[in-house]
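Presented below are the structures under discussion, each in the form of structure tokens.
After this come two complexes, each holding chain A, first together with chain B and then together with chain C.
Right, the complex of A and B next:
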């Protein structure tokens, strides 16, 4: 084995250091979740390494607080957001990819201006409006607002996916007698699968994480992030750790799946447009 | 769009109306446009209408008062310190994220043992909800005790109050936000780096350019567009940073968003809502200015 060059050593030191910094908060979260409280939250200067293992924190929290309702609410909103993103985003992205560049650029800019508007700006008047529409404190109402942030991003990713499909394939399908909708859903959508999955997962994950709209719009039937915030403000820190872990596990799994579909080409494809 | 030009006579092309041909949408245009329409209608109702509404509300009062009364009353509610803190957090967090994202993306362009594991770790914080990240950082950086202080005391250093002094509180917010959001910056910059031809680096190496010169003369100029995108996306989010400061430090060094949240009430004709609307408008203007600056920077 040949000796390492200094630049290699520097690289490995940087990799190690960054790895530790990124993993440290996650490690602390799990340490607090699975250690007896007198080693963690009850200690003034808690030790950095685990001293004992317990599942009691989690079981206690799951028994004394209702987790099912916020979990179902979060799932419901996240799936609604992801499906609406595809329902509005796929036609819009296809349309944009077929418009003259100048017009497409203008519309994309309009979408991103909508994204730029601060969430709190939008939610203050909309909350009043939703009370009269009966959408206040409902999953649909929250999903419709969260969609604002998700939709431009979804269109951006889907546009990249559609642009990477050669126009000849579409012409071929049309020549073979497929109508416009059949061309889109029968030929183009299957080819843009990777981009569509990426858009779906990103939308889902954004909604799962979203806090600003949720804390204002769903005070009575909150989603998981709001329940976590409520427990922190009440000082139920052990319960919070349990909720935090329950909330994190599905997203970690999805991130691993997403990595397969989000290699950078999707984002780069959109940028070239 | 339909009212001008006037409806032409059926059949023939009107010579009197030169606009007609230019304004007529071809099939090539209106079919794709129809596909986009639902998304546009949605955005119009849920984004543009409320933003106009909020401006209108910000000038309403339940009693006759001077124009801009709500804005005046906000100044007494620490508006300027909220603006200042928001600016500081935005600038600091952007700087940290760009430098860290650049470093991690550069590492990921190289080949080394354990690269797969490192790239998974580098993207991992994306999977943690903002509230969860805020909670983890509140365990590390509390006012008294906690894991950061436990490390400091272990090295024989005095403990630090991470929450109450302005500087520490803003730093804690920046660190937590950067931990959560650097992966996104890394992904965008990495996508940009893969578009730079390797031959440029090889030529530079032959000419004797070291890593620092290669960074400033090849990587950064070629990444300009990607850096601009990152600044715009992240800059806007930084102005809207909300859950993190609310959980980490609460009201003490107050940020604009937290100020809006404190004033919020959905009932008419609460003066608070108007005040909230007023301050939100201000946040929007601030965000807009940042974008203009960012765009201006890339036009050069």
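Right, the complex of A and C next:
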């Protein structure tokens, strides 16, 4: 084997350090969740390595709190947000990609105005309006509210994806006899697949741990982040770890399933300019 | 015979840039028509207006006698090959060629039959199942061509389809293209900046300069009787030579090609050689006349710089002060 160059070794050390920094909190989360409390939360000097394994924390939390309802509520909202973001974002980004790039990015920047305002200042009047519309305390209502933040981001990523497709492909499809809908969904959408999946993941994950909108709009049927917050404030730390794990697993699953469609350049395409 | 494609007064401006100015053109059925012109002077735009990708500011387009000026591309019954071939990257070769047939709702067996036939003609049978990014440039060009000819449109539009090929492949692809056009007997509307392609392929060539059709004629007429000095300079390996017309008024000149000149030690005219360039079978001599005019002559004999050559002009065209050809050749 060839000896590694010093620059290579420095790179590996840096990557390793970064990995540790990012993974350490997740490690602690799992440690607390699957160890008996007297090794972790009740210990004066809690050990950093597992000493014993137990499922009791989890089973206790799952029995004494209703976890299924918030989980379903969160899933429902997250998928709604992701699909609405694609349903509106794909036509919007396609339209913008046919404009001169300068103009398209100008309009996209305008879309971010709702993001510039503090979330609390928008959510209160909207929540008041949603009460009269019957959208208060509903998954659809929260999903629509979250689109305020998600949709501009999704459009931004999708715009980059559509702009990277040569115009001639679209012209060719038109000349070959495809109408506008068939051109968009038969040739352009498959080519923008990586960007679309990136937009889907980003929208889904934003909604999954969104808190400010959720706590105000869904007080009676809350989502997981709100339930976790309630438990932390009540001091139920062991139950909280159980919730946190339940909350992490879908994210990991979704990322693992979808990451093979993601390539670095697709995200970069969305983030240029 | 009826016109397969007719352009009437087509005008298109991008801001101040003129890409088409009152273009009149009529293609006969079965004709191989080439638009020749420098890059960036509106050739592709003209083609795209016929395809329906761009809309002219004024004028109308007729295909098979039917006005299509404002119809979308899928309602025009044309097919097109783009310079970069525009193959669908998410489909393999077979599905690329099948795409236009699927759009016309052909039954699956008929699509398969047509694709097998066209693949055999173009020699791409063994790559039908390959992804389009795994095949060579020459093969991609054939696939794009196959996709264009697999259905029978009224007009084929080809936008510099050979310019992305390397020189050797381009030569065979050019010959093949001509053969296919003759076998199909279909109307081809072809755009190029390469006059060798126009010469080899076209029945008639239209020279486009700054959005205007300078001349429409068979290629050898472009060479022998350029209607304007601009055409004379653009067509041919070297620009045309001009000397003051001894029988004409002020500003009137005669134009002649290097190969219309006979070098002759008893000739009436003389020039001194500034530069000699060997081009295979002949030498091009860049010369200066006693009046200080620069002209290019052709000689089978080598002449070095500084030598004086005598010559006679065997034939020439006369040009008025407006740069247009005058009818009577001297």
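Heads up, the rule we're going with is that the second predicted complex is superposed on the first by the 241 of 273 C-alpha atoms of A that agree within 3 Å, B and C clash if a C-alpha of one lies under 4 Å from a C-alpha of the other, contacts with A are read in each partner's own complex, and residues count from 1 in each chain.
Operating definition for what follows: a residue touches a chain if its C-beta (ideal position, glycine included) is under 8 Å from a C-beta of that chain, and two chains touch if they have at least 3 such contacts.
If you're wondering where the values come from, they're calculated on a predicted model, not measured in any experiment.
Student: Chain A superposed: clash or fit between chain B and chain C?
Tutor: When both complexes are placed onto chain A, chain B and chain C end up side by side without any clash.
Student: Could you tell me if A:110 is touching chain B, chain C, both of them or neither one (first, second, both, neither)?
Tutor: In the superposition, A:110 touches chain B alone.
Student: Which partner chains sit in contact with A:172 here, chain B, chain C, both or neither? Use first/second/both/neither.
Tutor: It touches chain C, and chain B stays clear.
Student: Now for A:70: first (chain B), second (chain C), both, or neither, which partner does it touch?
Tutor: neither
Student: Between chain B and chain C, what opening angle does the Cα centre of chain A see in the overlaid model, nearest 10 degrees?
Tutor: In the superposed model, the angle at chain A is 90 degrees.
Student: Determine, under the contact definition given at the top, whether A:18 touches first (chain B), second (chain C), both, or neither.
Tutor: First partner only.
Student: Have a look at where A:124 lands relative to chain B and chain C in the superposition and call it first, second, both or neither.
Tutor: Touch status of A:124: first partner only.
Student: Which touches a greater number of chain A residues, chain B or chain C?
Tutor: Chain A has more residues touched by B than by the other partner.
Student: In the overlay, answer first, second, both or neither for which of chain B and chain C A:254 touches.
Tutor: first
Student: Considering only C-alpha atoms, give the closest distance between chain B and chain C in the superposition, rounded to the nearest Å.
Tutor: 9
Student: Which positions of chain A sit in both the chain B and the chain C interface?
Tutor: Overlap of chain B and chain C footprints on chain A: empty.
Student: Considering only the defined contacts, which chain A positions touch chain B in the complex?
Tutor: 8, 11-12, 14-15, 18-19, 21-26, 28-29, 32, 41, 43-48, 88-89, 91-92, 94-100, 103, 107, 110-111, 113-129, 131, 136, 144-145, 147-148, 151, 155, 180, 205, 208-209, 211-212, 215-216, 224-225, 228-229, 232, 237, 240-241, 244, 247-248, 251-252, 254-256, 259, 262, 264-265, 267-268, 271
Student: In the complex, go through chain A and note every residue touching chain C.
Tutor: Those residues of chain A that touch chain C are 166, 168-169, 171-179, 182, 187, 190-191, 193.
Student: In their shared complex, at which residues does chain C touch chain A?
Tutor: So the residues of chain C touching chain A come out as 48, 51-53, 72-74, 76, 78-80, 82-84, 86, 88-90, 99-100, 103-104, 147, 157.
Student: Given the complex with chain A, which residues does chain B contribute to the contact?
Tutor: So the residues of chain B touching chain A come out as 28-29, 31-36, 38-40, 42-43, 46-48, 50-51, 53-54, 57, 100, 103-104, 107, 110, 112, 114, 118-133, 135-140, 144-147, 149-151, 153-154, 159, 179, 187-188, 190-192, 194-195, 225-226, 229, 236, 239-240, 242-243, 246-247, 257, 260-261, 264, 266-268, 273, 276-277, 280-281, 283-284, 287-288, 291.
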